[in-house]
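Chain nomenclature is as follows: A, B and C, assigned in order of appearance, with residue numbering initiated at 1 for each chain independently.
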């Protein structure tokens, strides 16, 4: 009898060990994400900030306000890239949000079920297409088109970047807007119709405003995608070595492409400066992320539309 | 209500309605134009060879045992001593046909390993003579009269995507093998164990941040940590490790969604029968979440297949079937990175588009698969 | 004036797909009175209410036969549904203010109908909120979200929102079922006050409520009108046995 009890205890303890062991494994796995974020920040920042310290330091001010990128002569200015990145993102959002939102309205409010079942897989496909393919498309179709209308006779331009980025943010904006429009309670629609509003008025005056948090989240996600996009943009941006863009036909060199273009052969300070570009890009992304996290928290707390 | 207002409203409604249609039309036509463009450019380059061959031409010296005594006069270009038929190529001989018991099936390379010659291989050197120095008839005669061990320089034509395809699969498997268990375990922790507090908050914060970091930053990080600091060089392991981090948010959140779907009653039922937490997770929760986990895997595969910025500086752009996990021989281009390389380095949009067609097919298949799983899953819970 | 007929309903049938929800309804609804529809759940009273401003049009698979006239004009043939709804306003079971400020909620209807001037809107908003007896409670928080006030206040904001489109008829679909007793009394008082200017039709589960505020009552059962008459008569001397059973709580 006594032995039995101790055996049971032993078995119980073994079970407990196992439970604790796995609990730790699960916890450690979850902590991998935290470690990764820390590691990414530490590694990228440590290397990217190196050129601005020490006895041979490069002036951070001339880095951040410089208008010329000439690694061979130790000139590293990225202001024109920052401007290029921001303009491209702004353009893509200015075009992509209205188009995406209206498409989402069509899918959620107007289209019959049958048409939705055809369009939605199409949008999902658009979301799954690799950025390199968008780049190829931009290079094969958009750049030649712009070539024809551009006063500079140069297709690779800010405009080309904006066009391709617009297309690339569309799926994100459409699918998130659609689901937040669908989440608007029926009672708002009824109330609006009950006041004598037409379908279109109901959509734009009651439903879309009620879905605004979701649409805003979609927009911020779109900004993140646009500012971080690399491969597609690199093929069509022109990647000039200096100078602020003066029109939509100007060449640009967004931050991301600066990194990707030269990383494969850069070394020493040049490589560090590419990481410094990464640090600037990262800072923008962090801003976007924080906004996004606050937005989703708000969504989670209030519900989008209570 | 006065008619002026009424007409105004109708006009505004009509205007907005046409804007909606216009925007939708734009979206749809973009999709069609992109796919149409890729197919138009890419389809002509797709053929059996494209799908089955190596990317680079491969030149090898082989030894074959020729037997001049084997007589026989076949068609034009038939070489009885070797049992093959050749035709005149561009300063070389192209093998057009190989008999079943041909000696070239027993060919060995310089390391004495078997190297089976195939149709379309070209012979550029016979013994000590380069084919470009010989006339076609002389070359034929030289081959026909050979007896005993004969050294041939053979070039196998490339132009196919096999190495990229294989590398893509290797990287998919490797990345999933790393990120899958970690991501699923993390989701289990978050959904089954974690209590609200600082740890949970920071984990969630980290995941949300990871999800927002662009690929190129992952590429930079992977290059710095795995390629340089850990000395893995451009390799599939460095690439896969980088991708694993990039995939974590997708895997964790999709798995978590699936875990949340499992009704509380299942868990209670299991605990009620005296099962421990771990047993409940292993026997009840994970099997129930399997469709969701599969969807997570498919989403991850899609992401890997489409990824380029995070891979070019970690896995490289060499078209070869990787050997080993780290080091120079394990450097490998996936289909997508090769496509990028083609456009950037050679401007060859047509070959790039041919790869793009393959990519599109893969993406569509993955989309269908994830849809089918979700639908199947919905049906099941609907009945249950 | 008081006996003028507002709605006339003739042989109205309504089908959801194959299911017949309303059977041969005939009824005259008088102007300037409160008409109550009572009956157990699923009897068709709400469905019938919604035929009066064509809210059923929004549901797929609904088929309507028969005739409904508003001031003698067929609302299904000679009316635009949108035009109709601005004359026949509706208050719903759950208070459903839009997630906007109180001001924007009340101004929603006038704006839809083309009122743009700020001063005109201000005036309409104040007038409607006063009419809905909630002005004093919300006048300092017009710019606050309508979702931030209590359920009873929300419902009165919704009534104000309906009043702002200056309808002739107000349909109320169980307007107090989601409210506490005190808020319920306020809404009832309000309804009694409003009938001076508006024709009010109210669907209610609450028999006392029907008895307290309505002038006419219709009792619905399985899609039919069992009895329709003066509220006093229906509650005190019902003709039909089923009506009596329901009124006295012996039903079902």
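As a convention for this text, a contact is a pair of C-beta atoms (placed from the backbone, for glycine too) under 8 Å apart; a residue touches a chain by one contact, two chains touch by 3 or more.
Bear in mind that the values here come from a model prediction, so they are computed numbers and not experimental data.
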Intersection of contact partners for chain A and chain B: C
From chain A, the most remote chain by mean C-alpha position: C
Between the pairs B-C and A-C, the one where more C-beta pairs touch: A-C
Centre-most chain, if every chain is reduced to its averaged C-alpha atoms: A
Whole-Å separation of chain centres (CA-atom averages), chain A against chain B: 24
Distance from the mean Cα position of chain C to that of chain B, given in whole angstrom: 63
Centroid spacing, where centroids are CA-atom means, of chain A and chain C in whole angstrom: 48
Where chain B touches two or more other chains at once, by residue number: 9
Shared-contact residues (touching 2 or more other chains) in chain A: 198, 201
Shared interface positions of chain C, touching two or more other chains: 83, 86, 112-113
Residues of chain A touching chain B in the complex: 15, 18-19, 22-23, 25-34, 36-37, 39-40, 43-44, 47, 98-103, 105-107, 110-111, 119, 121-126, 128-137, 139-141, 167, 170, 174, 198-201, 204, 224, 227-231, 234-235, 256, 259-260, 263-264, 274-275, 278, 281-282, 285-286, 288-289, 292-293, 296
Chain A residues touching chain C - in the complex, by the definition given at the top: 185, 187-198, 201, 205-206, 209-210, 305-306
Chain B residues touching chain C - in the complex, by the definition given at the top: 1, 5-6, 8-9
Complex contacts: residues of chain B adjacent to chain A: 9, 12-13, 16-17, 19-24, 26-28, 30-31, 33-35, 37-38, 41, 181-186, 188-190, 192-194, 202-203, 205-210, 212-221, 223-225, 245, 248-249, 252, 276-278, 302, 305-309, 312-313, 336, 339-340, 343-344, 349, 352-353, 356, 359-360, 363-364, 366-367, 371
Contacting residues of chain C [partner chain A, same complex]: 53, 55, 58, 82-87, 89-92, 94, 96-100, 108-109, 111-113, 147, 158, 161-162, 165
